[in-house]
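Structure first, then comments.
A, B, C and D are the chain letters, set down in written order, and residue numbers restart from 1 in every chain.
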Amino acid sequence: MTPDVFLFWFLALLIVGSGLAVLLFTNPVYSALSLAMTMVGVAAIFITLNAYFIAGVQLIVYAGAVMVLFVMVIMLFDIKSEVQAFTSGKISGAMKLIAVGLLSGLIVGGIIMGQKSFVGELSKDAAAQVAEANSAKMKRAAGADAATKELGVALFTKHIFGFEALGVLLTAIAVGTVALARSRGGTHAK
Amino acid sequence: MLLSTVIFLPLFFALVMTFWPQQRTLRHLALGFSLVEFLISLMILSEFDIGSARLQLVEKITWIERFGIQYFVGIDGISLWLVLLTTFITPIIILASWQSIDTKVKGFHACLFLLQTAMIGTFLAMDAILFYVFWELSLIPMYFMVGIWGGARRIYATIKFFIFTMAGSVLMLVAIIYMMYLTQQATGVMSASLLEFYKVQIPFVAGTLMSQQTLLFFAFALAFAIKVPIWPVHTWLPDAHVEAPTPGSVILAGVMLKMGTYCFLRWVIPLFPDATEYWSWLFLSLGVIGIVYGALVAMIQPDIKKLVAYSSVSHMGYIILGLFVLNQYGITGGIYQMLNHGVSTGALFLLIGMIYERTHSREISKYGGLAGVLPIFTIFFFIITLSSIAVPLTNGFIGEYLILMGTFKAAPVYAYIAVTGVVLGAAYMLWMFKRVFFGEKGELVKDEHHPLHDLNLREIVVMVPLVILVFWMGIFPNHFLNWTKSSVDHLVNNKSKYYLEIHETKVAKGIEYGN
Amino acid sequence: MDHSVLMAILLLSPFIGFLINGVRYKQPTYKLSGGIATAAVFISFICSVLLFSDLVGLPADQRKIHVKFFEWLSVDKFKVDAAFYVDQISGIMILIITGVGSLIHLFSTEYMHHDKGVTKYFSYLNLFVFNMLILVLGDSLLTMFVGWEGVGLCSYLLIGFWFTDKEKAAAGMKAFITNRVGDAAFLLGMFILFSTFGTLNIQEINSLAPTAVETSWLGALTLGTMFLFVGATGKSAQIPLYVWLPDAMAGPTPVSALIHAATMVTAGIYMIVRLNPIFIVAPNTMMVIAIIGALTALMAASIGITQWDIKKVLAYSTVSQLGYMFLAVGVGAFGAGLFHVMTHAFFKALMFLGSGSVIHAMHEEQDIRKMGGLKKYMPITHWTFFLGWLAIIGIPPFAGFFSKDEILWMSFHSPMGSPVLWAVGALSAGMTAFYMTRLMCLTFWGKSRVPKSVHPHESPAMMTIPLVVLAFLSVVGGWIGIPEVIGHTFGHIPNYLGDWLAPVIRPIPNLAPADHSLEWGLMGASFGIASISAFVAYHFYVKSPEIPGKIAASIKPVYELVFKKYLVDELYFKTIINPLVEISRKIWFYIDVNFIDKLTYIIADLIKGGGGVTRSLQTGNVQVYAMYIAIGLVVALSIIIIK
Amino acid sequence: MPSSSFLTDISLNHYLILSSVLFVIGMAGVLLRRNVIVILMSLELMLNAVNISFIAFSKFTQNVDGQIMVFFVMTIAAAEAAVGLALAVAIFKRFKEVNIKFFEHLRG
């Protein structure tokens, strides 16, 4: 077992475990902490996949900003461990569980069987082909800096419109959030 | 540009009505407008080539190129009189509603003109999509007319009317789209032009419902059957009539029902000749059932308006009978009967409206002895009654006679049954006439505190043109039939493979002709 | 004068009279209105006379004046002109219509003078004459049908003239609707003839008729003529459609005289006579016509015996006489039928007008039990009525004798006739003599039973002049058709009418030469029957008035049945009208209200219910919505994978 | 796919399965939890799961576009979290409640 294989399994377990913890902890604070753990794990996974810049952003944005928000809000609400953390409907609950179970089964099954599902096809043949086609780029993008540089170039050339649109979106979100936070809540004004 | 003018001038009038600032002169303006429209529509007669069966005064402009949809209008002998009927009846309606419509006057007149555009458009459109637009457009003003100015149960009636009609139209839209697809299959170019549709040979298999032509036939026929209305989809009509205000009833009976029968003649019969031939027994039977059923049910109605509404069902049964016997007599009679019904039933509704304005009741049992109190009203009512029960020298006779004769030539059995309608028609109308006008004075008539006044000048002016038309059409039917002759002959002689050409010299000036 | 102008004046004069009086319908000036109307019809009468004299001037085989005004209706091969023609048959009819018509108009002027609606009355009467002329003159069946319906319409208006009375209005309606039944059959008859001959022109049909071969016992010709005959039973009040005529007496009496005795009700016979070439080739129809005619004659006569209303008696008498005419045409004696139409027009119009005079004198009393001994109060009315009575019961040489005798003789002698038909005819002739004598006795003779409050008086001259003229015609009217057997005996008096009609009447096939002794014998027999019953009636009602009551009491059930007109009205109501109304109610209630509407409601409810189900899926809970997304995802993925 | 190489040979599939498992966990959270804030957290989990797939694809196809997509997703996720939390705050201020069951105004 090579280190990177070990690293993958370790991180996978970490992510799944902490993800489950988010789901299962009845206390939102613990959930939030588990979520932070997951974020960090995901960031680590990104590193193993040579996406250094994204990993950094992941840490800053998620583990940093978003998590702070969550914790702040939980603190604001002063929520303790809940008695009824989960939905109580028997039929709908069962259906939800079945749906979730089936979905995971289907996805995993689809990926593993690989033959017929589109995911599998892409993962085997197409991926190899595309990888070959992109081998020239790969050579150029040898190091971490080069990869980041390439990301930047792509972001500001090919995807400039999306980037700018995001800027607009963020501005709108900032304004909207402030407006929401200032409002007395909902449109059902009494 | 004549036809477009006739179609869209009322739309313009409707806009003017909407923004007209003065309430006082509104009605006068509307009356003037409708008369102008009528005069312009009369110009069609001078432009029309009476000896030609072709489509005349054609205007054709590409609308949505990709799907071959055009603004394509034209007129021939089949649609000619219906257009004129529409423009003729509108000023009469406006004059008749002078006093009865006293709320939302602007809106009412705007609705009326909008309706006029829609109806004329339906009669003149030669492009399926354009036709569908007009067809559906006509629903909306009518919906408001019944819904806003109607009687107590107007919402029920208007929704029933709307849903019944819509239910049919939706299938028709599907069929139109499928026809466009078939046209593309056949010619390689998608087109919504009716003239292109005529050229398509649609596969037909006898004895099954599941052949293309049969399905298309029924999709179209259902939409029109509901509009006509053919038994058994007629039940919206009595309700709509009873609840509609007088002008609404008049338009509904006078013109809108004809949209159904006209479209049978324009769309169903020429487009699907095999299916028409094969299923004609069904429509003949429904027509006959409609005649007898409508007459019987009319007989026992306690409400005059409902009685007349059911008599419409009976009369429309005659028209269907005439159209589906597929010979000159039947179809000519059918066309004539459309006009007759427009005139006489329209007039009946006007008269009922006039008496309703006076007594606010339509209960037959509350009347009686009106003839002694309102002689002029009685005379008018009697003349129209005669027209309605098809006494010779009135218009109704010509239509009914030709239809029955055509039916007898094509399928005598139906004629034997349909002829009972002649007796029953007289029975229900005269029985009603007796109960309302004869005998001792009823509770509404002898009311000392509200003596009834006979018709005033305005009301007489409303009725006189209709009465003149009743006799004119009865005594000189050839004045009208000569115009439709070529088209009907063309239709009957080519019924198995109908085509329609464009009258080159009667293409409207300034409109480029050709695809 | 040009024939088309004459024809136009003939037709339009009454119509213009109608328009003038129609426009001023509210005026109470009876002299002016009556004057206009009478003048209008009289102008027509002059035109008729002129046309008729022109007709006489033509050679016998070309006697036809045809005038076309315009093309009325033409569709494909179907062409009908607004064209009219006078020939031997219609020539006689227009003379009767306008001649008797003007007399009755004159009579009405006085008779209706107290009525508020007098102008309206005259406008209707003129309209009637106009329509009757169209009926008679029309050159195609459709033109004839225009008049046919038109006279029915006028009849409706005039029967219901006093519309404030519910009964009278109902009688008018009954007349129109019953007629409509006949008209519907007439329409069918026209369709069949048009399908067979390809034309509705009467002359063309008549000339084509001999070429038509009847293929089966109920072929096109038989069926067509049968339907036309049903139409005739409506208009001419025969079984089964006669019920309207007795009720039609609700109208003013001159109307009964003009429309319901002299002219309109004979339209059926006229139509058959005019179309005699096609009727003669349909022997089955002819048989039916003869049987129906004989039965009607008998049945109506029997009812006539029991009635107490002077006009009802005359009405049933009319039905009975019309039955005679149908018997005549049914056995192929078209000329005799038309002859009886004419003589009947004279004496029945006379009797109706006479009864009008009586009713007028009695202040609207119509019950003959309250009359009697009127002879001394109203001599002119009595004597004219007396002559009419002689004519109708068939006393030679009065008009009725010749026509009635010819009918009876032909019903025996014609190959289409039979002794049974003769017997029925003779029996009803006897009954006719009986009830007519009864009427005479109860009204004019015997003791006066007039109530004290009523003072009968003779009518003014304007009413008696028409009576006198008609009485004269009732006496001499028959002399134009003196049968060969009598004419021969008295020195070669020709049968003018028979000769006149010969070119347009198709002879009866296989007619054996007449046996004169047999004819004399039958004539004597029928005369004997008539005089005996007249004598018996005289004895019953003048000499010993208690006998009829006793007889009636002894056969009470039969008497009741006859008195109640065999309960035919009740039967029709029970078996046709009431069930029809009931069925209408039922189908409306069950089919319209409870089936079609319910069905649409059910469909609406289904859609609404479907909406309700999907609505309940919208719980508002975000998580449930999310669940739907998840389920959708599962389904989508399953599909992808399974594929 | 033999099990021996499954443990040692880390392929694209491994990342994808990891991603899907995380996604399903997140979805379970969204479906099953009642606390609005925890639901928002679960949403973040789902987004992260998707991000893993993107990056994995990016790596294995040697295409940088995947990373850019992740960049966008993260930005939007942050924005979404901000708005979602703002909404939660607003709702909490009004109703003093974070249980999702109480917000059923969309009931048909």
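Keep this in mind: a contact is a pair of C-beta atoms (placed from the backbone, for glycine too) under 8 Å apart; a residue touches a chain by one contact, two chains touch by 3 or more.
From a predicted model like this one, the values you see are computed outputs, not experimental measurements.
Engineer: Given the two chain pairs B-C and A-C, which is bridged by the higher number of C-beta pairs in contact?
Structural biologist: Result: the pair with more contacts is B-C.
Engineer: Where the centres are mean C-alpha positions, what is the separation of chain B from chain C, in Å?
Structural biologist: 38
Engineer: Report the inter-centroid distance (CA atoms only) between chain A and chain C in whole Å.
Structural biologist: 101
Engineer: Need the CA-centroid distance for the pair chain A / chain D, whole Å please.
Structural biologist: Distance between chain centres, rounded to whole Å: 5 Å.
Engineer: Please tell me the distance, in whole Å, between the geometric centres of chain B and chain D computed from their C-alpha atoms.
Structural biologist: 63
Engineer: Could you check chain A for residues that touch two or more other chains and list them?
Structural biologist: 87, 96, 99-100, 103, 107
Engineer: If you look at chain B, which of its residues touch at least two other chains?
Structural biologist: There are none in chain B.
Engineer: By residue number and range, which residues of chain D touch two or more other chains?
Structural biologist: In chain D, 27, 31-32, 101, 105 touch at least two other chains.
Engineer: Write out all the pairs of touching chains, ordered by chain label.
Structural biologist: The set of touching chain pairs is A-C, A-D, B-C, C-D.
Engineer: Touching residues of chain C toward chain B in the complex: what are they?
Structural biologist: 25-26, 70-76, 78, 142, 145-146, 149-150, 153, 156, 160, 163-166, 169-170, 172-173, 176-177, 180-181, 183-185, 187-188, 190-192, 194-195, 580-581, 583-585, 587-588, 591-592, 596-597, 600, 604
Engineer: For the complex, give me every residue of chain B touching chain C.
Structural biologist: On the chain B side, the touching residues are 160, 163-164, 232-235, 293, 296-297, 299-301, 327-329, 332-333, 369, 371-372, 375, 386, 391-393, 397-398, 401-402, 404-405, 408-409, 412, 415-416, 419-420, 422-423, 426-427, 430-431, 433-434, 437-440, 475-478, 481, 485, 489.
Engineer: Can you check the complex and tell me which residues of chain A touch chain D?
Structural biologist: 1-2, 4-5, 8-9, 12, 15-16, 19-20, 22-23, 28, 31-32, 35, 38-39, 42, 45-46, 49-51, 53-54, 57-58, 61-62, 65-66, 69-70, 73-74, 76-77, 79, 82, 84-87, 93, 96-97, 99-100, 103-104, 107-108, 111-112, 114, 119-120, 122-123, 127, 130-131, 134-135, 137-138, 141, 147, 150-151, 154-155, 158-159, 162, 166, 169-170, 173-174, 176-177, 180-181, 183-186, 188
Engineer: Where on chain C is chain A touching in the complex?
Structural biologist: Its residues touching chain A are 623-624, 627, 630-631, 633-634, 637-638, 640-641, 643.
Engineer: Please name which positions on chain A make contact with chain C in the complex.
Structural biologist: Interface residues on the chain A side: 87, 92, 95-96, 99-100, 102-103, 106-107, 109-110, 113, 116-118.
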